[in-house]
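Read through the structure below, which is laid out as structure tokens, and then see the notes.
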Amino acid sequence: MGGDVSLAEQTASERRRPWSHILVFLAPAALIYTVFSIYPLLDTIRYALYTQDEHGVAHFAGLANFVDLFSLPVWADQFRNALVNNLIFFVIHVIVQNIIGIALAAMLSLPKLFGRNLYRTLIFLPTMLSVVIIGFVWQLILSPLWGVSEGFLKAIGLPQLFAPWLGQESTALVTISLISVWQFVGIPMMLIYAALLNIPEDLVDAATVDGANHLHVFFYVKLPLILPTIGLVAILTFVGNFNAFDLIYAVKGTLAGPNFASDILGTFFYRTFFGYQLQLGNPTMGAAVATMMFLIILIGVMIYLFGVQRRMQRYAL
Amino acid sequence: MPDVTLRGISKSFGTTQILHDINLEVKDGEFCVFVGPSGCGKTTLLRIIAGLETVGAGELSIGGRRVNELAPAERRIAMVFQSYALYPHMTVYRNIAFGLKFSGGRKAEVDAKVRRTAEILHLTPLLNRKPRDLSGGQRQRVAIGRAIVREPSVFLFDEPLSNLDAALRVNTRIEIAKLHRQLAATMIYVTHDQVEAMTLASKIVVLNHGRIEQAGAPLELYHRPRNLFVAGFIGSPKMNLIKGRVVASDAEGARIALADGRETRLRKVEAALAPGQEVTLGIRPEHMSAGQGGPVALEGSVDAVERLGEASYVYMHLADGTNITLRSPGDSKVEPGSALTVSAASGAVHLFDADGLALAHIAIPA
Amino acid sequence: MTRPIARPRLGRIAVHGALLFYTLVAIGPILLILVNAFKSRRAIFNEPLALPTAKTFSLIGFDKVLAKSDFGLYFLNSLTVTIGSVALVLAAGAMAAWALTEYRFRGNAFLGLYMAIGVMVPIRLGSVSILQLMVDLNLVNTLTALILVYTAQGLPLAIILLAEFIQQIPRDLRDAARCDGIGEYHIFWSVILPLLRPAVATVAVFTIVPIWNDLWFPLILAPGNGKQTITLGVQQFIGQYVIDWNAVIASLSLAIAPILVLYILFSRQLVRGLTAGAVK
């Protein structure tokens, strides 16, 4: 690819350059990327159209896997459960993460704030660490065995609030979502902070002269100008959430318990693909689940690109 | 009366003092221009008047009312920013209406005001556009519109023309002058361009290192600069400065030995000069002419000639290296490399003492 | 509405209070683990919030981790995989970014889009085929498999970041070199690459962190045979010794430490990269 050079459009100095340069420069990246990223993605989609017999031989089966996934209770119930959980996971992220992120960024962008860099660096720290490690850390902290959180709540006078949040069916998913928000809130904070810094001071001054107070300035001038960034954060979160796996696997294992209460598409995909306990893995069905995840992410990205981003064009400041 | 009065205004950022004891009165309806090199404190002074910076020390009053502690919106001022500071996500209409939103006017009233303002500035067909769809000149007009619509008693301009190209700058300059006449409002205008200052101002305030060097009418500053800084800053090309020493002085005049060894006689010098005193002679390029015409004669060799058509600027240096600029007629025959004698009437000479303060203005009376 | 212009002192204090509170929320849990890694089992349970004292200080957790698992080996595996992938991403990425920004050729725009797919679509979704591919290539349970996948994963973002940076290098610089008759490879090697150095740090941080922290691909492609990365190693270790709190906390600390050091060293580049990306 890229070998076909159109000479007509080139200037005289460029024409002397043979196309072999371009090929040499592009080949390594294009090759690795195509073989280990694009090809597997396409091949997975193809593979989703096959089924395996008991000898492990694959046969073309059309949309049979997808029909099973949507209609056979064995698959459909789990798929729906994982999808709904994943949506809850995402909604909690978008709401909590953006509110905390905007609040932190707004405070950090105050002029002449003492210790700004230190706050920023420390608050961003958890984002750098492995999701697995973070999962274990919180598992220990929330564990009734250790009693750190129980002791903490007692110390601030709210002992009745304590419960084994990760162990209860009703609270496991929300707790895990909040752990994830806690870890990744640094990203919206950083991006919104940068967006706020990019708003020219003159605009704020002008609004002040126009009689706007701090809150007016924030809601009428700053917020509209950082909306595109919030949109970007939302789509990044969406993609990240809909292929999340590590945190739940670390905290709750393959079964995403209790009783699949914290199962999301990533863990469902892993179970389908590799099996669990006595259930054997099913690669073609795994491919079908991956294809569904691919479609969901694609739809999300499309909505963002054509629905959201178009309308919230960035302003040349 | 919306006079703006500054009494002993000082301002520091950290340990650096930006403004030192500024005293100034801007009268109702005056067009006052702050001019000076970058970093002289002129923008800080404007922002203090706007209320965007706190007053370090001193008292600021507008219309006889102390405003030190008042928020910008309560000072009845409006400001036009260098970058225009248009809200990029709002239409021209909403940009102009934004400031009225907080003063609690009725919707119909706001609408009428916005439309009237748009009419004045020929913005009516653009009201529904966003700033990014406007040209530089149009943006500039919206910025001015946003100020006008609030009917302030004082307009503040922070280098409003510096983002426009040369031709548009001259046009807008004239527009602003017209606007000033039309509204009869007090305007304070910051620029580093002395031409803008001369053409717009009814009063110029020359600032340097956070101090007022001189304040007065444009021609007063031109004819009677109080010191070397003002003399050099006002007028283009710059005033020529020639070092000299007083040889003798009496009621008739003074004899001064110039740095290049020549001696010159000045008539009717009103200042007391002591023999041996170091002085600087200042002569504007437009007050010199080629040839032996006046009593102050200088000889040098020509480095370059710029021919502008209506005039030619001759750049030359004297034997001691002093650079001299001369404005001569457009058809001047002077060539680079040639020797040239130039002269000026003694009435065209400004005299400054060793500290740079003006001794006597024997220049053409204002 | 009368509002003093001087920023209210009280407001500033409230802001610092809020920021301090959140900073504690952010780093508290991590500090808690790091502190307790140096305490005896009794102290971990009795006074979890206390700093280790002479009486409670203990390295038993670390002793156990190092004795019962191949932590050194896992660490080395992670290091090999990360360095290998980052080197490949940077080398191949810089070359491709240069070709895509510098040369106009048919398919240029298409290739740019093609690369952008990888930024939005997670490579994980191709895992079924990737595993098949690695089986066919006989690369299962090797670090090579991980390096190849991570290179493919890191390339798209690296190319976009580097291309943006290359565009900022003045055109005149390359044209001057061409007028001097210097060849294209030479221009890339001795004009462009040295100028890319500041960008390389940013790209490297962005590439290293997800690779070092990943659990998915080690779990699928190299889960055994002493080829575990540190993240997987810790996960397996904790799964095995759940009840040994000293060992668990020590293993977590060991996993946190390298990233912590890297972060302290490179937080400036990282912040610059994040904030510059947002300007677009």
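By letter and in written order, the chains are A, B and C; residue numbering begins at 1 in each of them.
By definition in this document, a contact is a pair of C-beta atoms (placed from the backbone, for glycine too) under 8 Å apart; a residue touches a chain by one contact, two chains touch by 3 or more.
All values reported here derive from a predicted model rather than from experimental measurement.
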Centroid-based (C-alpha) most distant chain relative to subunit C: B
Most contacted chain pair (by C-beta pair count): A-C
Where subunit A and subunit B are represented by their mean Cα positions, the distance between them in whole Å: 57
Centre-to-centre distance between subunit C and subunit A (centres being mean Cα positions), rounded to whole Å: 16
Shared interface positions of subunit C, touching two or more other chains: 1, 3
Shared interface positions of subunit B, touching two or more other chains: 51, 71-72
Contacting residues of subunit A [partner subunit B, same complex]: 200, 202-203, 205-212, 216, 220-221, 224-225, 315-317
Residues of subunit B touching subunit A in the complex: 47, 50-52, 71-73, 77-79, 81-85, 87-89, 98-99, 101-103, 132, 146, 150
Residues on subunit C engaged by subunit A in the complex (per definition of touch): 1, 3, 15-16, 18-19, 22-23, 25-27, 29-30, 32-33, 44-45, 48-49, 88, 91-93, 95-96, 98-100, 103-108, 111, 114-115, 117-118, 120-130, 132-133, 148-149, 151-153, 155-156, 159, 175, 178, 184-185, 188, 209, 212-216, 219-220, 231, 234-235, 238, 245, 248-249, 252, 255-256, 259-260, 262-263, 267, 270-271, 274-280
Residues of subunit A defined as touching subunit C within the complex: 1-2, 4-6, 9-10, 13-14, 17, 19, 21-22, 24-26, 28-30, 32-33, 35-41, 43-44, 47, 100, 103-104, 107-108, 110, 113-115, 119-126, 128-133, 136-138, 140-141, 146-148, 151, 182, 186-187, 190-191, 193-195, 197-198, 213, 229, 232, 239, 243, 245-246, 249-250, 266, 273-274, 283, 286-287, 290-291, 293-294, 297-298, 301, 314
